[in-house]
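Both of the next two complexes hold subunit A, though its partner changes from subunit B to subunit C.
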Partner chain A sequence: MLNELFQAVGILSAISAVLSLLMVIADRTIANYGEVTITINDEKKLTVQGGSTLLSTLMSEEIFIPSACGGRGSCGFCKVRVLEGAGDTLPTELPHLSEEERRNSIRLSCQLKIKKDMKIEIPEELFNVKQFRGVVARIRDLTYDIKEITIRLLEPAEISFKAGQYVQLETPEYELADEPVYRAYSVSSAPSRKDLVELEIRRVPNGICTTYVHDYLKEGDAVTLNGPYGEFYLRDSTRRIVFIAGGSGNAPIKSILSDMAEKKIGRKALYFFGARTAKDLFLQEEMKAFEEQLSDFTYIPALSEPVEEDNWGGETGLITDVIDRRLDTGEETEAYLCGSPGMIAACIKVLTAKGIPEERIYYDKFA
Partner chain B sequence: MKQTVQMDKIQASMRRGVITLEGFLGTDTRKLVDILIDDDAEVRRLGMSHEAIARRMLELKQAGEAGLGEFVTVGEQLEVKVDAVRGKLPCPFGDPGIFGKVNTTVRNKKTKKEVTYTDLHIHMIWAHGFYEGKGSRFRLEPAELIDILEVKTDE
Partner chain C sequence: MTFLGAFAVFFAAIFTNNILLTNYLGMCSFLSVSREVKTSVGLGAAVTFVMAFTSAINWAVYHYLLVPDLVYLRYIVFIVVIAAFVQIVEMIIERVSDVLYAALGIFLPLITVNCAILGVSLFMVIREYTFLQSFAFGLGSGLGWMLAIIAMAGIRRKIAKSPIPRGLEGAGITLIIAGIMAMAFVGFSGMITLG
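Presenting the complex of A and B:
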């Protein structure tokens, strides 16, 4: 009886092994799509091996499409327009695509396998995106939950970006991540410092990347990042500028202010920075210093719930209330916002009521 | 109650690396149906409903949004912060729509305890009574939620 059982198990194991082998052979032969051509923006042609996802194939060709989830189809960032060569939209793409995006042939590049020649459209600026290796030159605490990380670039040794753009920082495998994960952070340094990238990273409870940065990353550690990305940068005009941020939303604004100071851009500018108590404020001296460096700039920090020991003599209340009090009119003004969706929505309401048209309100919304 | 084929599929999508890096199940080896039944029993034992818990979570999130990314005092004992990071997540149960990675952190000054939950948590508790598996870093214990958030019964 026992012998028969062992025999049956043996036969089943043998069948499984043969089936597995057949699967491997099939994957290498039947599913071998051979060389295919990807035409990008009707100009650039890439000859690549078919069978992989569009996202990973482009990455291997050093074309980086923003992606925060490592190709799992959960972040919805890696959208590209596929004009030819894609099949029907996959069920895994549907939650991330609006009706209009589907009509415009927008696809999630991490879900789309390349099986034949393909024609795609991507923003021209993505050709400027590169992968960088660097080393952590400095880590300093800005507040109890925000750290400033300065990364000196090694290879390539220089980055070109517009003030306000962001990069994706890689968190390597560690206790909480069994594979590398990328998360996006705005650059806070000036574009003129091509040799380094400075980031302001706020701890997110249970966040994989921010926990790594706050609890594991040390000065001297090697890091990998890619970028730059994003449409959040100062528009070329003569209008008055209103900047609004809170917490680590300060990063892109600081980069823009540094760039304005270096380029001697003398546009009238106001910066409303919202915090709860004095311990949530940071880089106060640097921000005040911009008032000297820029010809017509005012920094307006505001505390929503100052405590007695803050000895606060500045503006109080929610940042939206402060804007409402301090901003006379929205005429000939444009606004730059960085923060949570709730903060952005509340600020847009106040700014439009002041007369700033929505198309002149630029924001870096995190979600 | 028996685990259906549909639930098998949902449980598969909750594993590590499918929707999120860590998944929704942690070290829990129980079937999804058993996780749901056990948490449902716990919530009932505490004299609450999933809807009441989720409604309170939503109410506090909405109140916390006034802080525009910073902590704001809500009522006498609670401090609430609503913050967001880049990215979106679909519901593992396959419900339509996607949820921004919006984190609501609630501190209870009386109990000196704190809890952080996402918009997806609110949805999963409200619609499915799902608090994530045991051992998941993002699991919310119903008893802790009720305590920290000062959830009141439906009456």
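Presenting the complex of A and C:
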């Protein structure tokens, strides 16, 4: 009896031991990719353990590639140019890559595993991108459908960004989102206020993030965001500036104007703000105040469909018509646009007709 | 006899005694992966590979280590061997082909708990197969499983736009189709029968 017990235990242990040994050997040989070197933009070199995905490896080295889905290959944000050291494009990447991107060796960093030395290219600005935890300090209504959210940063406690850049706000799981979702919003506060981030968020019917912000988010709630991102910031030149915005597109312009006021940048500037009726206008005093603070700034709000009780004495008509009327020439001028894709497209037409070359028209492609 | 016997077992395992359609084993991944022909082929190939080799390894383990006193340990031993084998196969695939690894995704590790694979090892014991027959049985069962899942993927592509009654959508209609396929496969039993 005892003998039989020993035999059973012995055989089972022996089999397990042999298999474990095999697994250990396999793990040390087949699954061991050793230390590999990642060269970023031909200058920065990282020595890391191979075998993990590029995205998570970079993240552990504190380089944040934008990623909304958390590395499951469903959002397609984490594109990185891989010059050397990657194999063929994977089937899980194909839905997110265009023909041209594949030719340019663009890869999804969340799918690509590091197996040998790699050479990659990422935009310089991403070195500055971080994840922030913060708390909602204030929520106020700007109009019936736009809220201003002020977030006080906790960890890290300070953000440095250029006026006009955007951050990605995380919507946690709730009724409309079965996984965390990220949406981009321009920062409306001045870069000098490093301890807080102010966003202007307009309600989009059934929008996952905007519904969350408008109906669920309360003062004192914890929020997570990452950033800053984007190429939408004031270029260093002496040209006249034309700002054009509609709705919550005011946010980055407000940030840029505050920055200009603080730095005493005295360039000639015009700001066209398009709305339908007077109840779509907001922060009118603040915008008017910039006319005092800046040496040569004019704020031009325009209503496309003013109603009688608005008592509107300002510009009337589509924003494109107002620009056409008020802007004499496009010479020595650069333009900064923020609004719906339709508005941006229409404004670009008017501005190029005025003589502003397309490379001097700047805008963020959200949507 | 042995070679011919192994050959008969091989064909029987594919057609008349298809492990999926006559024993209804390996249903879980059969239902979930049969949406696309391409992934069915990949999973079918991985299952075939694992089945063929684990049945051979398990035969040796069973006959040299467990017989005569410890045969009651077969369930736990077979499962452990299968799990270790799948793990190593996974590492090899990941090393050799990123593309195949990404295509199989989660279903590769899930082969471990595919009951058809344990079923093959257990049937091989019950039916007292020789080593060659066991290997043939494993290989045949794998190919049979692959045949069935590819056929199912083809049918599901056809019915993708069909008006299926509510409540039968998804797994319901798939199980009904599997039943009809099983009946069709019974037609093969005129060719070979397995004792």
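Here is the rule we use: the second predicted complex is superposed on the first by the 286 of 367 C-alpha atoms of A that agree within 3 Å, B and C clash if a C-alpha of one lies under 4 Å from a C-alpha of the other, contacts with A are read in each partner's own complex, and residues count from 1 in each chain.
Following the convention adopted for this analysis, a contact is a pair of C-beta atoms (placed from the backbone, for glycine too) under 8 Å apart; a residue touches a chain by one contact, two chains touch by 3 or more.
None of these values were measured; they are calculated from a predicted model.
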**Request:** Using the superposition on chain A described above, determine whether A:156 touches subunit B (first), subunit C (second), both, or neither.
**Result:** neither
**Message:** Under the stated touch criterion, which partner chain does A:88 make contact with: subunit B (first), subunit C (second), both, or neither?
**Reply:** second
**Message:** Quick one: is A:266 in contact with subunit B, with subunit C, with both, or with neither? Answer first, second, both or neither.
**Reply:** neither
**Request:** Considering only the touch criterion stated at the top, classify A:280 as touching first (subunit B), second (subunit C), both, or neither.
**Result:** first
**Request:** See if subunit A has more residues touched by subunit B or by subunit C, and give me that chain.
**Result:** B
**Prompt:** With the two structures laid over each other on chain A, which partner does A:111 touch: subunit B (first), subunit C (second), both, or neither?
**Reply:** second
**Request:** Kindly classify A:357 by the partners it touches after superposition: subunit B alone (first), subunit C alone (second), both, or neither?
**Result:** neither
**Message:** Just to be sure I follow: which residues of subunit A are touched by subunit B in one complex and then by subunit C in the other one?
**Reply:** none
**Message:** For a test of understanding, state which residues of subunit B touch subunit A in their complex under the given definition.
**Reply:** 16-22, 65-73, 82-90, 96-98, 100-103, 105, 116, 137-138
**Prompt:** Hey, which residues of subunit C end up touching subunit A in the complex?
**Reply:** 61, 65-66, 69-70, 73, 76-77, 80-81, 84, 87-88, 91-92, 94-95, 98-99, 102-103, 105
**Item:** Partner subunit C, residues of subunit A touching it in the complex
**Value:** 4, 7-8, 11-12, 14-16, 19, 22-23, 26-27, 30-31, 87-88, 90-93, 111, 113, 115
**Complete:** Note: in the complex, subunit A contacts subunit B through residues 68-70, 72, 74-77, 95-96, 176-179, 181, 183-184, 202, 204-208, 246-247, 249, 274-276, 280, 304-305, 318-320, 339-343, 346-347, 365-367
